[in-house]
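Scrolling down, you'll hit the structures one after another.
Shared between the two complexes below is chain A, which has chain B as its partner in the first and chain C in the second.
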Partner chain A sequence: MKRSLVTRQPAFFALILLVISLAINLILQPNMFAGETLNSNMRVFLPIILLTVGQAIVILGGGIDISVGGTVSIVNAVLATRVGLQGSTEEMWKFVLLSLLIGLIAGSINGFFIAFLRLQPIITTYATSFLYVGLALFILPNPGGGIPGTLAGLYRNSMPLRFPLAFYVIAVILLIWWYASSTRIGKFLYAVGGKADAAYETGVPVTWVQFGTYVASGLMAALAGVAITMLSGSGNAEIGVSMTLTSITAVVVGGNALSGGVGGVVGPVFGAITLGIIQNIISFANINTWWETFVKATIIVAALAAPGVVNLFRRRKL
Partner chain B sequence: MPESLSARNIVKHYGGVVALSDGNLDVRAHEVVALVGANGSGKSTMSKVINGVVVLDGGQLLLDDAPIQLSSPQAAKKLGISTVFQELSLIPQMTVSENIWLTREPLNRYGTVDRKAVQARTEELLGLFEGTFKTNLAYDSPVASLPPDEKQIIEILKAISFDPWMIILDEATASLDSRQVQRLFELVQSWKEQGKSIVFVSHRMEEIFRIADRFSVLRNGRTVGDGNIKDIDEKQLVKLMIEKESVLGFLRGEARTEEKIDKEATLEVENLSNDGLKGVSFKVHRGELLGIGGLRGQGQRHLLHSLFGDIPYLGTVKLSGKELHFKHPRDAMRNGFALVPGDRAKEGLLYIRSILDNLLIPSWKRYGFPLKIRKARMDATKTGENLNLKMAGLDEPVSSLSGGNAQKVVIGKWLSREPQVLLLDDPTKGVDVGTKAEFYALLNRLSEAGKTIIFYSSDDEELIGLCDRVLVMYDGMIRTELSGDSLTEQNLIAASLGIAEQGGAV
Partner chain C sequence: MKKRFSISPPVAALLLAVILFVLSGLLPNGFGSDLGVARAQATNIVRLAVFLGVIAAGQTLVIISGSEGIDLSAGSVVTLTAILTYVLVNGANEKVFLGLLAALAVGMVIGFLNGVGITVLKISPFVMTLGMSGVVSGAIIVITHGNVTGKVAPIMTRLIARPISPSIPIPNAIILWILFGILIWLLLERISFGRQLFAIGVNRVTARLSGVDVTGTNLLTYSLAGALAGFGGFLLVGNTGVVHLQLGQPFLFPSIAAVAVGGTLLSGGKGSYWGTMAGAIVLTLITSLLTTMQMPDSVRRMVLGATLLVLISIYGRQRSLRQ
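What follows is the complex of A and B.
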């Protein structure tokens, strides 16, 4: 049976999209690969990339996590109120550790409901997202607070060996993914997302694998929260809300099936970068602000529909 | 390695249905035991008891004469009992090797999966069936891309990959071609010599006599005979499988005699084929009640769904001489077809919606816009009365009804459209005896009123009691046509098992 590269390597399609959008961006912004410009782009993309990695793991395991934005908000609210604009570096790292703990707890709550109580992932995480955003608003009712400028600068301007900090973070995450996906746990993840019943019959610990995906997603959301707080330097309890759907879109653009079991993490990372670049293109193309959302959505819908359209024509020929 | 496994007086209920009332089986090392029985005799339940998939309600399992409990498939696996499942336990998105080694992947010293070992061991296993694959099957082929026979082989390899001492082959040969079966049997032979024991669940007589050392026959959940295969022949084995006394009386429509049937064929089917059918041709007359028989999954469902435009097919279908090709059930409905599907909860009904909604769903168009609800309710009430539907009210959800009454709703929703051709996919499955009798009367009434009925049933008695003619399907084809004197239970079962040719008496 002949299978094209597009169907066998879902990340391949994401890569094509990335190259096309990069090319267009390059025409509009010729200096985009210059160190400074590259860094200013990548530091904006990083929070959404982190969030997307967690989302991709949940989706691979056959679930979905709508509460990730809420977790980002809690972390942002905690850092902005507890560290403060005048805070010390030690304070900051202490609360970063607390943030990661918050992410683990938020993920565990989702995982408990979904894996152990067998509730619907989409409804459960939709409900907990209100819980998390509500908590963030309780901690930080009005936008304000923040972290010391020096710490924000550390995130914004660090370029070890003249490469953006984001590159190192992405490299570490992909290395961890590469290792994890070649252990048994990685195989279990695909098995559970592919056909949970068959996985169970074969002896895969389905419940724990599902639980684990939400914990991983909560942790990644907390990291994304730390990143976006360091990027903005300030606090806003609703900062994460719009990020949830972007992360899901990035996973799908990255070639993963929403039904689970197909894809990986590399594609979604490409997907997240692609979405960021599309945003760039729109700001450079001098599109009227009124049209911005429309144009962005059109590009995303076209990108999502493309593989489906290809398949439709292939079926017709049959 | 253990020497024997015995199941004694096994009882298993599913809700109110008794699947096994007295099941017995002895399996010994160096032996192949064939587990045989007609549809619904408890074969599958028996194999699920030995591999820990179902928990027993009574009786006991003995391993080397010591009682054991099997609480899960994993517990059975630990004891070296492995199953080739009829419904495959493969994950389609994963590759051949990932599926075979899932949870038992060989690891290297970094804790990651040792790809070289996986590849080598998978290729070694694939080598057992070398030369029988039609595709370029490799260790890294995704399972989803494989045809059914190769998926089945992967399932077999998965089951033997941890070197079990007992292997249960549950209809494992059903989707294999003759060369693959041959290879499997060679392997079975070598497993036997190694001291393994094999339980062979199959409905193919020829294979049973080729491979089995002993047999055990189940009938209605009871073990009714066992012994050495040498001491028995096909005829005797079939006899053991058949129930002697009939429980139900059938009201055969007296008016429906040979002359009364309009000899004009209403529905002519020629060379129907798709992935479940291999060239099916037949004719049905107006007012005829045509039975479709055979073991489950021989293409009956495909046939009915193809006729209803639900599954794409090649071939021609003519209704009263006019050629039709339905591409959507909508086309079939417009031409007076109706289908009562086999899985009523999934395909026949909107389970949580009201009885009213379910009865009217194919007919809302008739009630205009805005809907004439009062008229609709009256019609639905009338349909309910006609069918003697026992319900608390039209607004109750269908899920509140018993199996028999729920099936009446499925039939009722089509009857109000006055269909000319009625396709029924095992409509009396899970229906109580009283409702069954009502069904039979209804089917007779309908065929007397000139409707054409094509009726698949897994209950052989029903086919013999009700139908004028029965087409027996085997492996996607019509194997035998039985009518008049040749329509006997013995012939029907023999034909189902693929023994007799062209309706010859056994």
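What follows is the complex of A and C.
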């Protein structure tokens, strides 16, 4: 049976979507690829991209992580209260390191319950999302605090070799992913996501692989938290809440199957950028404010439906 | 083989609710030894659980249908149908039936669209219903422009929010819920649709080979789930008497949690509505206890999360890999 390109190369469709949305955006915003504009877009997209990479790894391993937004919130609350608007640079880096540790711990808690106690991922991470957002609110009950403007500027305005900082971050992550997915661990990940029972029979350390995906996701969520704190410069314990579902949508728009084992990380990165650009297009297209949510959601549903429609059409023709 | 002591999840959830409730009496501002107050409090908690319970009914069906079945559009469907009822009825008793039909029909159409996306276009239920939730929320904003004028009819308040009669202090909502529970039980256990639903939940391939119309059953399940969410919206507005644009959203994830706490497998094929009802009572009880204990929002969320973790650790565990 001949399979369509869409099913063989999941990232391919994500790339098409990205190119289409980029083209529309370019028409509405002609100076989009100019250094400054590109940077101001990419620095907004980066937190969601980081979160999406972690989510993609969990989903590849057959799970889902609803708690990532909570981790983002904890990191934001910690940085905003402990570093403060008058904090020093050393303080900042110290607490960034602590943030990464928090991400590892949050991910390990999820991983422990899901991989070792074998609880269902969606409800477990839903429960821990309450724990994490609650903790963030406990640290920072009301929006406020922040990090020094100079440090925020470091994230917002750094353009080494005239490329946005976000490009370098994404490149490093994709390089790590390409290396990791070519090793045995990468193969294990796909095996566990595809069919955990069969993987177990063939000697794959299923439990540890599953555990690892949640730890990776926690770490990426912490990085996303650092990025969004440096982007906004201020603290708000609910900042991460709305990011969770976006990261899951980005993974699916990126061509990964939510059932696991299919896709990669490159597609989801495209997916996350596409979602950001759709938001961009909507704000540039002068759409009536009342219609914004409806138009955005309809575009996303259409984007999700497109591969299915293409497949349906092909089947009819044959 | 050693026979393990086992207790069915609905019973376990109910027992837990009772224990929690009795313990809550010992709190400083609890009911203490006053049985009258205790009964009033218990009745009130069950009454509040009705709305979560009805909204979680559709969720139970789609989750039993398996293949990652879930309905994330339930919250916005509840909001939409509540607004629809509110506007259509506009205080007139004779229009209540029309409002109910409209709520059910609109919910069903949205559920059907979910079903088409999931079965025909092969979009995973999680993102399809998430996307639909966005579309419905967007539609609500477009239609209402943020303000709604309408009114619930006196008969709705009478039938939903008030007790049966002054001498029998049981709210009508609870009676409605019990009847509703029996209906869902009949649907799941006594007619062929229910058997087919469990069949596709266990294994779609074997279900198809044994003659079950998998696509049809799946479409019907999502349509029904939409209609049930619509009914939830109708009931909810009958109780609150007012609507706002975030009315239904807070019920969304609790509805999934109620299903899980009630012992329905999130992977599908096994579960019951009795469990979901018990789950809805447990969740409502925990939430209202935390509220009466006057804890800050942050602590409340942490306790709720921890309780949920403990609950699902008790019986939400999946089959071990070695078996």
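One rule holds for everything that comes next: the second predicted complex is superposed on the first by the 310 of 318 C-alpha atoms of A that agree within 3 Å, B and C clash if a C-alpha of one lies under 4 Å from a C-alpha of the other, contacts with A are read in each partner's own complex, and residues count from 1 in each chain.
The rule is short, and it goes like this: a residue touches a chain if its C-beta (ideal position, glycine included) is under 8 Å from a C-beta of that chain, and two chains touch if they have at least 3 such contacts.
Quick caveat: nothing in here was measured; it's all calculated off a predicted structure.
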{"item": "Fit-or-clash call for chain B and chain C when the two complexes are aligned on chain A", "value": "clash"}
{"item": "Contacts of A:285 with chain B and chain C, given as first, second, both or neither", "value": "neither"}
{"item": "Which superposed partner A:179 touches (first chain B, second chain C, both, neither)", "value": "first"}
{"item": "Which of chain B and chain C A:295 touches, first, second, both or neither", "value": "second"}
{"item": "First, second, both or neither for A:305, with chain B first and chain C second", "value": "second"}
{"item": "First, second, both or neither for A:249, with chain B first and chain C second", "value": "second"}
{"item": "Partner chain in contact with A:258 - chain B first, chain C second, else both or neither", "value": "second"}
{"item": "Which superposed partner A:124 touches (first chain B, second chain C, both, neither)", "value": "second"}
{"item": "Touched partner set for A:134, first chain B, second chain C, both or neither", "value": "second"}
{"item": "Partner touching more residues of chain A, whether chain B or chain C", "value": "C"}
{"item": "Contact set on chain B toward chain A in their complex", "value": "53, 73-74, 77, 85, 88-94, 98, 102-103, 105, 107, 110-113, 115, 135, 142, 145, 158"}
{"item": "Chain C residues touching chain A - in the complex, by the definition given at the top", "value": "68, 70, 117, 120-124, 126-128, 130-135, 137-139, 141-142, 145-146, 253, 256-257, 260, 265-267, 296-306, 308-309, 312-313, 316-322"}
{"item": "Chain A residues within the chain B interface of the complex", "value": "1, 3, 8, 179, 182-184, 186-188, 190-191, 193-195, 198-199, 201-204, 261-262"}
{"item": "Touching residues on chain A, where the partner in the complex is chain C", "value": "64, 113, 117-120, 122-124, 126-138, 141, 196-197, 200, 206-207, 245, 248-249, 252, 257-259, 290-298, 300-301, 304-305, 308-309, 311-312"}
